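Each of the next two complexes has chain A plus one other chain: chain B in the first, chain C in the second.
Showing the complex of A and B:
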């Protein structure tokens, strides 16, 4: 353990001196927090050069970006740019301050493409204008939201309900002979979440897709500010229903870092079991949905049956199908696994053998494979630029997984492989998910078998104010990042949530281009993104 | 092909027979109940409940839970020192009258958003509604800003275990084909308009079922700038199904309750 801290420390010191050399005048201060987080305060004038250097020369992707109203601390707003070194497992955070009288930052989007949506988000929530952004449209708010209101500023009252403004929404226009638009949503034909899609089409192929999301925007980030840290755990569980456990785990991880507690080993293993169970359940659901959209009824019902079995395991272990109220700050609520080991392993093996059979059947169905092969290709270059994460990224050649690059809980002690594909089509995403199902089952069985006995909860009660930490986990859809800053009296000062769906939505919009309209549902399903997790 | 047939023969029927046969709910975590004889009114659960669902009446010293707001998180059971709160396994909680779910009563404003012409026909038909739908029902699901937990559970009604079509109930793609709107989520700002449009597009007579704590009362998301406290502030609601999320069988129970097919 000490070795790891030391080696991380060395890497960070090296990185720090390298950056300080390159930008000697422009980096004011550096702090190392929570072993692997290096915070550098930088000159806002040269933020573009610094970020470009980190992104292009060092090759660190931008994995999150957010603002924070720190007027009560330093009379300024702060903007944080978070870069990750996924090989060494470190986070590099560039912080710049924004003067409340001049609410502007230099846009870095033209050089660091992944920043495009974050900058628009910050503009909506804080009113900090990204100067030089190529497409500074509104993101979070629709035309019914008054222009001058920015809810994440501290002087905005969370209960304040604004009047509805009446403005027109303008969508990207594609013009030319034979181009027409197909508007879809917000309410869709199936039982799915709301969102509006604008297709520009010539004949059958899609030329452009613009997704207007944020229909389910509830204001979760604002809602948590000033609330007790305990209560926000339950809000975190409800960020995205099917990723309940991943989100609560990420939240707990960040809070436990702030409280500087090490959770009991048995709790770590228990968390692995539940995290993998959630992944298995979700992937089985996705595979079922994929088959449904290809009108392959038999396979759909096979997968749905297996998903049902996975839910049974959840019910047997904790009585909650969505694994809610399993995590607690400092561990897990009770010993969910004790006495149920054999039964659970037996059920897992049953799912495994059924999955093997089913996969064999669907792969020998040439009509089905024909439908998914070379459809909805997400190119590696685009995936890299947009920081596509999770199975969708791995299907396009971005072979990283938070469980390996930032190992948490007991993943270090367990053995598993990360699938990698290069073609980036539906078939690759499907194969990635199939492979991950088997890996999850294998991980769960390992964790249950090697789990040491012991206690499950290391109670945490009080938290230092104005401390911050990242939670970083691999949710079923990919890399999930929460950043938390505590406030006084064990409350939350700022809670930034970035779910994998946020990164993958733009990737989806690229992947559908050139495909025919009837293939959109199946491409969409192969990504299976969460609207709630994106809209917050 | 041979393998496919083999599988079909292997699993001829996995569908459960709920509600004709009761479900084994011994493992479920259902609604919490307070044993008033054990409770010493310390108010700990009250102050820590994430969705402020527990209320105490100062004058009568009575304590209770508003199940429309409860998110079934079991925190009250954990924090209670005198072990007065217990999570039971009862999940069939749907009610037509919201106040039956509540400890302190709430006045729900009458909303008038539908076209007046339909209003008259509607009131005549409402009386006959159950006769008309008989044993078949078409449902349109509307997500008005949920966390997708409730939607996943509604989706699960179509899986081989629940197979809701065996009850003559099916989901349709358009509100124009629907008899019932199954609404999840808190009717967030951006969905209010769409919800009203879907409501008005549904031909009369129609039934609205609010699924989940969010739709019943706003749940954990109530009182924020972009959410509302339950969909009944936007459209009239016939049946409330509490839960966060309610299990598929609890939703079936709620749907059948709306049709008076269960007591």
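Showing the complex of A and C:
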């Protein structure tokens, strides 16, 4: 363990000196936090150059970006740019300060494309204007929200009732002979969440797709501020219904880092079991949905049946199919696995053999394969630029998984593979998910079999205020990042959530281009992104 | 007098049986998915329920929107009257022929397409354009298939064709008829909006064809549209089974019992075709929209092959 910290430290020191050399005058301060997080405070004037250097020369993708109202600490707003070195497992955070009288930052979108949505988000939530942004449209709030109201500023009063602004929403216009727009949503057929899709099409082929989401903005980040860390765990669990465990795990991880708590080994293994169970359930549901959209009834119901079995396992283990209240800060609530090992493994093996048979059948159905092959291709270049994460990224040739690059809980001790495909079409996403299902089953069986006995909870004590840490986990949809800055008395000062869906929505819009309108639902389903997890 | 009796019996059978077919197909599909499924009489309940409800009509729509359900239903009924469920109940002569049959259905479809455009909703136009694509591809195949059997029986009247086919015994052993049978079966799948051409049970508006066109309809209007579609489906199946698998020649009885027996055998044949359609739905998936022309081409080639074989082999051997 010490070796790892040592080597991480060395890498960080090297990186730090390298950056300080290149931008000697623009980097003011550097702090290493939580063994693998390097915070550099940089000159806002040269932020574009610094970020471009990190992104293109060093090749670190921008994985998150957020602002923070730090007026109570240093009389300024702060903007954080988070880059990740996924090979070494380190995070590089560039922090710049924004003057509250000016409220402007230089936009880095033109060089670092992944920043596009983050900058628009910051503009809406904090009113920090990204100067030079190619498309500075509002993102989080629509035309009915007053321009001047920015809820994540500390002086914003949540009880204050806002006026109803009536402005026009304009979408990207595509013009030309025979081009017309198809507005779809925000209310859709079927029980799904709201989102508006504006297609520009010529006949059936799609030229452009613009998605307007955020119809269910709940103000989660604002709501958590000032709340105790125990209460916020319940909020974290409810960010997105089908990623309950992943989000609570990420939250716990961040808090445990701040509190310097090392959770007991048995709790680590238990968390692996539940995280993988959630992944299995979600992937089975996704595969079923994919088959449903291709009108492949038989396969749909096979997958739904298996998803039901996976839910039963969750119910047997913790009495809650959606895995709520399993995690607790510093471990897990109780011993969920004890005495149920054999039964669970038996059930998992049943799912495995049924899955093998079903996969064999669907792969030999040439009509189905014809439907999914070469449809909805997400090119590797676009996936890299937009930082597409999770199975969608791995289907487009990006090979990274938080479980390998930033090992957490017991993943380091367990053996598993990361499937990867290169074509980026629906077929690849489907195959990636199928393989991940088998890997998840394998991981769960391993974890249950090798789990040591012992304690399950290490209580979290009162810690110093104004510390921050990242929680980083692989949710079923991909890389999930929570950043927490704590306040006085174990409360939350700022809670930034970035779910995988946030990164993958723009990727979906690109993957759809050039396909035909009736193929959109199946492409959409192959990504299966969360609205709730995106519209925080 | 006989023609009146024919109309009464024909209408009664068609209208009673048509909704049953959807129930049977849905039931078979449900069983293949390890589900219990809805009762096979569900569509009767649905139609009854819809008839009791009032219809919501968009403010921006014109008279076309309101009149279309009646036209669709009327054309379906009119087309159904041209295809006797049994030659025993039919009069000696029946007005109308193949061309009229195809054009009556085309009239209904034309109104359905413009009514979908009338409300100016997003999905209506999409459904219309797709329906136009599919129907323009399948229509030649229907005509060639029917003209081939018309050539054999030297008539374009559907009743006349049935009578000639009946005299020939069981014709499904000859390659011409096998080609025509499968050509027509493919057309039925396309015309009745079934998988792999369209998915009748989907909720995804963007992928719909037939459903997209009737999306704006509700209440009584919707009932008429759905009933019309069910009748059209039964009419096509009747056409297929009564021309290519005739059965009336096997019945030695006379009088009312012969008619009853004939209708029973007819029902069995129709249910048999429903089972084939259900199996096709279960074992295939929806095609890409741009692959549908391939399916239509397959059907067209089959019908043309059948047509050519008539000349190659010589009419008298068929």
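The rule we apply is simple: the second predicted complex is superposed on the first by the 535 of 536 C-alpha atoms of A that agree within 3 Å, B and C clash if a C-alpha of one lies under 4 Å from a C-alpha of the other, contacts with A are read in each partner's own complex, and residues count from 1 in each chain.
By definition in this document, a residue touches a chain if its C-beta (ideal position, glycine included) is under 8 Å from a C-beta of that chain, and two chains touch if they have at least 3 such contacts.
Keep in mind that what you see is a predicted model, and the values were worked out from it rather than measured.
Once both complexes are superposed on chain A, the partners chain B and chain C fit side by side without clashing. When the two complexes are overlaid on their common chain A, residue A:294 makes contact with chain C while staying clear of chain B. Of the two partner chains, chain B and chain C are each touched by A:190. After superposing the two complexes on chain A, the angle subtended at the C-alpha centre of chain A by the centres of chain B and chain C comes to 60 degrees, rounded to the nearest 10.
Considering which of chain B and chain C touches more of chain A, the answer is B. Of the two partner chains placed by superposition, A:226 touches none, neither chain B nor chain C.
Of the two partner chains, chain C is the only one touched by A:367; chain B is not.
In the superposition on chain A, contact of A:320 is made with chain B only, not with chain C. With both structures placed on the common chain, the touch criterion links A:234 to chain B but leaves chain C unconnected.
With both structures placed on the common chain, the touch criterion links A:305 to chain B and to chain C. With chain A used as the common frame, chain B approaches chain C to a shortest CA-CA distance of 5 Å. Shared contact residues of chain A, touching chain B in one structure and chain C in the other: 189-190, 298, 301, 305. The touching residues of chain C, when paired with chain A in their complex, are 29, 32-35, 122, 126, 129-130, 195-196, 199, 201-207, 281-291.
Note for the complex: chain A touches chain C at residues 182-184, 188-190, 203-204, 291, 293-298, 300-301, 305, 365, 367-368, 370-371, 375, 516-522. Residues 3-4, 7-8, 11, 14, 27-29, 48, 50-51, 71-75, 78, 89, 141-156, 158-161, 171, 173-175, 185-186, 188-191, 193-194, 198, 219-221, 223-227, 244-245, 247 of chain B are the ones that touch chain A when the two sit in their complex. By the touch rule above, chain A contacts chain B in their complex via residues 142, 144-145, 151, 156-162, 186-187, 189-194, 214-220, 222-223, 228, 230-231, 234-235, 237-242, 244, 285, 298, 301-302, 304-305, 307-308, 311, 315-316, 318-322, 324-325, 333, 357-358, 360-361, 364, 530-533.
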